[in-house]
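By written order: A, B, C, D, E and F. Residues from 1 in each chain.
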Amino acid sequence: MVKVTFLKIGYIGATNMIDALLDERASRRGLSVRVISSGCKMDEEEAVDAARLAASVPSDLYVVVSPNAGLPGPTAARGILKETGKPIIVVSDEPTRKIRKDLAEEGVGYIVIYADPMIGARRDFLDPVEMVLFNSDVLRVLAVTGVIRLIHSEIDRVIAQLEKGEEVQLPQVIANRETALEHSGLENPYAYGKAMASFEAARRVANLSTEGTYRVKERERYMPILAAAHELMRQAALMADEAREMEKANDSVARVVHFRSGALRRKTKLLGKFEQ
Amino acid sequence: MVKVTFLKIGYIGATNMIDALLDERASRRGLSVRVISSGCKMDEEEAVDAARLAASVPSDLYVVVSPNAGLPGPTAARGILKETGKPIIVVSDEPTRKIRKDLAEEGVGYIVIYADPMIGARRDFLDPVEMVLFNSDVLRVLAVTGVIRLIHSEIDRVIAQLEKGEEVQLPQVIANRETALEHSGLENPYAYGKAMASFEAARRVANLSTEGTYRVKERERYMPILAAAHELMRQAALMADEAREMEKANDSVARVVHFRSGALRRKTKLLGKFEQ
Amino acid sequence: MVKVTFLKIGYIGATNMIDALLDERASRRGLSVRVISSGCKMDEEEAVDAARLAASVPSDLYVVVSPNAGLPGPTAARGILKETGKPIIVVSDEPTRKIRKDLAEEGVGYIVIYADPMIGARRDFLDPVEMVLFNSDVLRVLAVTGVIRLIHSEIDRVIAQLEKGEEVQLPQVIANRETALEHSGLENPYAYGKAMASFEAARRVANLSTEGTYRVKERERYMPILAAAHELMRQAALMADEAREMEKANDSVARVVHFRSGALRRKTKLLGKFEQ
Amino acid sequence: MVKVTFLKIGYIGATNMIDALLDERASRRGLSVRVISSGCKMDEEEAVDAARLAASVPSDLYVVVSPNAGLPGPTAARGILKETGKPIIVVSDEPTRKIRKDLAEEGVGYIVIYADPMIGARRDFLDPVEMVLFNSDVLRVLAVTGVIRLIHSEIDRVIAQLEKGEEVQLPQVIANRETALEHSGLENPYAYGKAMASFEAARRVANLSTEGTYRVKERERYMPILAAAHELMRQAALMADEAREMEKANDSVARVVHFRSGALRRKTKLLGKFEQ
Amino acid sequence: MVKVTFLKIGYIGATNMIDALLDERASRRGLSVRVISSGCKMDEEEAVDAARLAASVPSDLYVVVSPNAGLPGPTAARGILKETGKPIIVVSDEPTRKIRKDLAEEGVGYIVIYADPMIGARRDFLDPVEMVLFNSDVLRVLAVTGVIRLIHSEIDRVIAQLEKGEEVQLPQVIANRETALEHSGLENPYAYGKAMASFEAARRVANLSTEGTYRVKERERYMPILAAAHELMRQAALMADEAREMEKANDSVARVVHFRSGALRRKTKLLGKFEQ
Amino acid sequence: MVKVTFLKIGYIGATNMIDALLDERASRRGLSVRVISSGCKMDEEEAVDAARLAASVPSDLYVVVSPNAGLPGPTAARGILKETGKPIIVVSDEPTRKIRKDLAEEGVGYIVIYADPMIGARRDFLDPVEMVLFNSDVLRVLAVTGVIRLIHSEIDRVIAQLEKGEEVQLPQVIANRETALEHSGLENPYAYGKAMASFEAARRVANLSTEGTYRVKERERYMPILAAAHELMRQAALMADEAREMEKANDSVARVVHFRSGALRRKTKLLGKFEQ
């Protein structure tokens, strides 16, 4: 039985459901998952407190999910988990690329996602309803562009190593346009192009929401920028949907599913069988 | 400082982000949130273990989120939390309505959501990518039809009571078509109709996925039923989107935001001010 | 020459064009069709009067189309036609399933359609324009989900028996999700799923319009319910359209056409030939 | 009690539901409706036979609906009805404009509809399913562009004259782009433009289907023309839908409804009241 | 080196980019292009002046692009170019068909385009923004329906003849529905039908904008007609887009590209190679 | 009479129709326009030759439109025009911002457009049909996001100064997100957000097409990048369309039109009057 504990500090799109990706049928015999989270807060105090709780949970692997893993909160949390001596994988968004060498040196694995943009973090857009809609759009982009597949494949790989008692090779992955799309399973080249466009649009959202949240101070200027960020996010999701519908039309949607043993098996034709 | 601990056992749509709804700006001074989850697994053993961890976290309020709160896992988890003597709110999906009297008698509050359908839980549809897309659709429906607003309003109300030291009145809410939509803030009657149609479509999804997962045994019959469930879910999300776009066209999107004090304030015109 | 007389009492979606389905090119040599209708009215007096007129038309087969065939009007009409001794087929909507055993015992054939919902029968929605739009949507769903094919195939079968002088086997068909879809000719499994979703949405419309029309009395409550019913009907039609467009993209739209002899022949590729 | 008998010979789009437009709630006290139809066939023999049946029904007004009222079948049918001495209104499609002077001289009223195109009447497109879809599209265009309103308003006007014993003034109406749109009730000028575009597209469909059916003989040439006709018809319906959705966004959809007395009353805001 | 000079007098849709079609990569070794234009004005004085300038440019071929080539301005311009003794090809819109015999007798080649409608030339619609949008729509229709391919193929053919010193055979082409679509490269028959419908809708736009601009004098009548013209043009473009998306879904988009030598080579699969 | 000569060297989106923006009705009394272009080619030799021709045309103002005005061809062309001593305005795309100080020092005005991306300039995407579609999309974005209005307003301003004999103040304008959108006339804040999102997506297209054309060498890598660029461009155009449709729904589309005198007058309600 491999025990995986997710520590979630603050929110990115991939925070949602990341623990569910490994055992979507709740049927994996050799896996147990725990999640500890401090909710939206990610200051050092909250992060450390949550990390202590996580460190107290017997685990074979820690996955720490947070925005910008270089911020004080996530950094401190990592410090606490490292004391357990267990392998750690950081899953975070684009700003984390700045510390990826540090992470490598620390012996911490990472998956840095380039299409998981920050919400427009000004009060007018932090309505819970708007926030859920924004995340719904982000999830769609992550799912269709291959990011979701990439994340669970990497964690699955490590779990398999743990299960077999092999040496663990932690991921050092930048989930950029190319590495993500390679995992998308999209076969039609135009669907592939649409998904890549969706990915790129989501990255632009990150530029816009960062600009509107931190760099522009005048309300009359940042409001349209953030409105644009959220509209572009919606459109990125619609492009992702368009890509998937194109694959549906060809009955070529790739599906990769965990079997009870934890093995992944693949199929494409909806009514067809899983590959051996 | 009010401490709220979410215990998540298994997954429904509202499992995602429910803890984020209370403090979307991570700026509320009087609130601290923790989340403990057992991931997808919700059998008694896993649930009890996670519940014990949650019970060990100092909390003023527990919110337990799970599918069908009447199942052994969630029931056992509730039992453990009750020992803390702290107020408990159950957030769950439609099958939970069967035990709502029991919950009331136990002194446990509840929010039972009628448009949060189960995924088509057959292997072919339990691909992590498909699962994320399904949840993306569910989140959109929950957001636009008022469910998200209803959930956080009820929990916010209890937090305010805790904060003021008032007697806590736990919610006994069925988030059905009418109570949800009342919280949607939709002003245009056709947008309201579209959102209600979206809600109803999501309920039908629940019928279909339950049927295809549990009642129909022949693969050649359950596959189209589950495909239909997921297609209908996608369409429900598109209807929700259509409703919101209609409100955008009228610049009448309702926004309700937490201020630092935890107070909720409302606005509609995007470039307008919050109501006092 | 087989003579078929349709008696239409009140309106369901399938009332429209049902007589046209048998001889769309007006070129069938061995068939003559008459239609008698009482328009929207279906009380006993009107129904009986129309039935008498129909009974006076020399016919080899009667097809009675009405809402709920168990209501007094359609029942009385049937009584009159039975006196002619000619075979009768009832085509009606879902409430008719309650009397299907009675129909079988009476020796009356039936086709009971599960995706032919009642309009929101409150004054505000009974504008002729709204009514035509609602029926336009219903027709689209009936066409794409296989109901139209099912109806004419069954009546064609009986006509062929009459023509050959064989013993007539009247249909005892519930056009539910599965029997309908089997006749849809949809090849792509996602298109099939969309069509089934469309069918299910249309059934939900029936629930909503019945509820809003008969069970809810307060105007402020039934108005949104009926608005939702009509919006969901529109969406069901759009889903049906999506399914057909997917088949078009694959050039796999099934077409089944009457030849002059009345024989049905089939093709799929648009520019291809009919199968022998 | 005014008795109106509809004689339907062959099919145009307006054949569907025209009798339902007058009494959509089946609640009009002073009106009784009968319909007699020969189905798709409209040759002289079938038309005369159906007309004799209609002539035998006691009626205060006859409405004859058919394609091209100048063809032998409809002409002969009219001849028979004229013998009853009752007023007659012809409802037909654009080719009928060629005989409108004759109709006026005969004392027959007429409503000639310019956006009710013939289906592509080649075998490949006369599949019952395709036919129903084509008619679904036509109905949508007729409804949104004002044709439906125009038709029932004119017949209602005559019924009112009959009811009051006034002299009957039969309609002499060409339902062209302008007279139709005036009845559409569309308030937004862009919605009005979209609806007019829809009307014009439907007229172009008539050109295409006539050309593909009668003038072009080579299969490899008429097939694309008819495919284009049906695609354009689908698009005309989508434009009509777009126009109506725009009015919904403004909550300015016009509704005109028959009250029990037969009086027509109007409203626009969905939740508002009927005008006095 | 073949030198081609385009003389543009006034604007049709094909005025845009016609010179770019021949050398889209700016890499053709044997071709040099010049363009002279009088902008929107096309009266005789402006046309003659621009033509004189064009005549002064050493050229092997002249292509004259204008609305209605029979108007005085374009006619006079042609007169001046004829004095150079160089071959001339007229590219113009549908009204030019009236003079095509004259052109043939003059020895002038022509490509007359039937789906390049005039804008609604009333002041309210001659806003530069509206104008650009209208032309954007026209370009889309010209591109997808084969007109663009037809134009450059014909001019390329003449250039090749000039290059080889062969006798030049000037085009005498009516780019109507059939000749255009033959060049569209669309493989799916429904996409072909959609594109033809788009072409036909664009032709109807021409009827509407001509009517609204020249024949109807009352503002309250011509405004909706022109609004309809522009809405129909937008829809024609959307239909064209739908056709191309269908081909993308099948990865069957035809591409024909100039190589450096000026030779045209073709491919369909996006990631495939050019045919030899 | 002010004489404006456009020199076009190579192609950007704004190359199309820029000369038409000033006199869309061909009715301005005080303006004469000429255009000289070298087609797609923009090397020094072609550019110089075209510039000499332009310099020979009597002109009061030159507008030079080209990609990247810092390249040798456009630079040399500017050198030749400067010898005429007439004012020059450069209109170009984003790379030109690098030389804007130089332009200012040279006394040359400029309008540098940030949402006018290069096409994916690899052979597979340089099919004339693809190129026209790409430009159609670019034009839509330029029109809706305010770029078109900004361009003609600035040139109009200079023309007015020339007409009145005032000192000419050449534009020094960066048409970025904010300056462009200010000219868009969009009133609904969500439409404004959609248009800004469209603008930003178009900028991202420029990044992608530059990367795919120049920086990535491997065919299997640049093909998807360029496919993504073109798909994103298509989506940017759809977003622009969505923004405009939203304004149409509110009947608030801004229109600004040249009167005969050259004066610009504005209106919003479609059926309303121009402001004085």
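Definition applied: a residue touches a chain if its C-beta (ideal position, glycine included) is under 8 Å from a C-beta of that chain, and two chains touch if they have at least 3 such contacts.
Predicted, not measured: the structure shown is a model, and the values here were computed from it.
The chains that touch both chain A and chain B are C, F.
When the CA atoms of chain A are superposed on chain E, the rotation angle comes to 120 degrees, reported as a multiple of 5.
Centre-to-centre separation of chain D and chain E, using mean CA positions: 40 Å. As a whole-number value, the distance joining the C-alpha centres of chain B and chain E reads 57 Å. Each chain gets one centre point, the mean of its Cα atoms, and the points for chain E and chain F are 21 Å apart. Shown for chain E are the residues that touch two or more other chains, namely 189-190, 223, 227, 249-250, 270-271.
Interchain contacts give a graph that is no line, ring or star and is not complete, per the touch definition above. Contact annotation for chain pairs lists A-B, A-C, A-E, A-F, B-C, B-D, B-F, C-D, C-E, D-E, D-F, E-F, with touch applied as defined. Against chain A, the residues of chain F that register as touching in their complex are 177-178, 181, 189-190, 192-194, 196-197, 199-201, 203-204, 207-208, 221, 223-225, 227-232, 235, 238-239.
For chain A in complex with chain C, the touching residues are 248-251, 253, 269-271. If you check the complex, the residues on chain F that touch chain E are 6, 8, 10-11, 16-17, 19-26, 32-43, 46, 50, 53, 57, 121, 123-124, 126-133, 135-137, 139-140, 142-144, 148-149, 152, 185, 220, 223, 227, 234, 237, 241, 244, 254-259, 267, 270-271, 274.
For chain E in complex with chain C, the residues that touch the partner chain are 188-190, 246, 249-250.
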